[in-house]
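These are the structures, in structure tokens.
Note that chain A is present in both complexes that follow, paired respectively with chain B and with chain C.
Coming up: the complex of A and B.
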């Protein structure tokens, strides 16, 4: 599925300024970065409530396609800057991880 | 990380890579003052002033194969999420001290976990060094010191599987007794 398409359908807000024309193959939900690092697969959309710069480092390390920050969390400025630089889209929403995951599932099926 | 003992393992690995031959790990829990403090002190090569700020950044690493180093940044974020802080004090050619403090009762503070497993992993590294582990709960202390163990062992290598298994149980038993 395409990130650009998902942004429209799920009404996500973009905090990065990127083309978002990226295909993703999987979805992973998690907030404990060490667990995400060992379990998330590359080209995944990662759903989390974490907003610290460390999420961009983790996403870079495992080649995450894009990050969705849920529950209306405010994203740190450093995080956005680095994500733009490394071209990792960060999207936000006031919905919960469960609602977003269900939304993506519906889009795929 | 799920357990603070894994953070301790991670930070201590930095000490060993910095050429330390004496490492002191202190875990202090004070339920009255409500803090959980981890202190890792080594006599390694130290970190220069201009790099001390950079090590807080996850995109700083001395490794060449990947461009991310998460040991310090992950511990710092974990401490700050629990209303605590992380501090680094380092003098070049003298050593480094990393202090991470958590609010002890904070709901997101991970448990210490299997510290004896982390110590065993550290003892199994190939480099020669002494390790002191201090576990302090409200002023009641357990001290584990490889210098004392080595003195008793004489010629016997501390890395002998039987000795290591004994150390692991010895540490666990003594922590549980506090």
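Coming up: the complex of A and C.
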């Protein structure tokens, strides 16, 4: 599925300024960075409530396609800057991780 | 076996702003050389967890990253204060990270187990003068 398409359908807000024309193949939900590091597959959308700079480092290291920050969390400025630099889209929503995961599932099926 | 390349990276304690930078450098170098994604992923996990351990738990340290014809070795060394009980620290989910660190998503108690799981050979020694980890990945 295409990130651009998902943003539109799930009404996600873009905090990064990127084209988002990226295909993703998987979805992973997690807030503990070590667990995400060891389990998330490459080209995944990563759903989390973490907002600080290090999520971008983790995403970059394991080739995450994009990050969705849920529950209306405010994203740190440093995080957005770094994500733009490394071209990792960060999207936000006031919905829960469960609602977003269900939304992506519905789009795929 | 012949050593092909060797890198050294210094890491400061509490340097959360630069956390992941060393691992990112290592990954870039591996990509340039042309290693497979599977190998790069394993090494990225090892170096990231090593880097975070130094930042969160130590007085600072360094990672030596050595590429040989048939293997890659990561030496993750810090200046202390050491791990009280290494066996306990190797248990998945056991963590001594303070709560404010955990709220940021660190300190899952998966650092050393992740390094071990991604290594073909793993060795750790620890005293109050420092912790030394040697992780080897065999190249197929």
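In the analysis below, the second predicted complex is superposed on the first by the 109 of 109 C-alpha atoms of A that agree within 3 Å, B and C clash if a C-alpha of one lies under 4 Å from a C-alpha of the other, contacts with A are read in each partner's own complex, and residues count from 1 in each chain.
Convention: contacts are C-beta pairs under 8 Å (C-beta built on N, C-alpha and C of every residue); 3 or more make two chains touch, one makes a residue touch a chain.
Small disclaimer: the values here were computed from a predicted structure and weren't measured.
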| item | value |
| --- | --- |
| Fit-or-clash call for chain B and chain C when the two complexes are aligned on chain A | clash |
| Touched partner set for A:52, first chain B, second chain C, both or neither | both |
| First, second, both or neither for A:94, with chain B first and chain C second | neither |
| Dominant contact partner of chain A by residue count, chain C or chain B | C |
| First (chain B), second (chain C), both or neither touched by A:21 | neither |
| First, second, both or neither for A:32, with chain B first and chain C second | both |
| Touching partner for A:42 - first (chain B), second (chain C), both, neither | second |
| Overlapping segment of chain B (options 26-34, 80-88, 134-142 or 152-160) - the one that collides with chain C in the superposed model | 80-88 |
| Footprint overlap on chain A, comparing chain B with chain C | 32-35, 37, 52-54, 56-58, 60-61 |
| Chain A contact footprint on chain C (complex, rising order) | 16-17, 19-21, 23-24, 27, 37, 41, 44-45, 48-49, 52, 104-106, 108-111, 114, 117-118 |
| Touch list for chain A against partner chain B, complex | 32-35, 37, 52-54, 56-58, 60-61, 82 |
| Residue ranges of chain B touching chain A (in the complex, touch as defined) | 1-2, 6, 57-59, 66-68, 70, 73-74, 77 |
| Of all residues in chain A, those that touch chain C in their complex | 31-35, 37-38, 42, 48, 50, 52-58, 60-63, 78 |
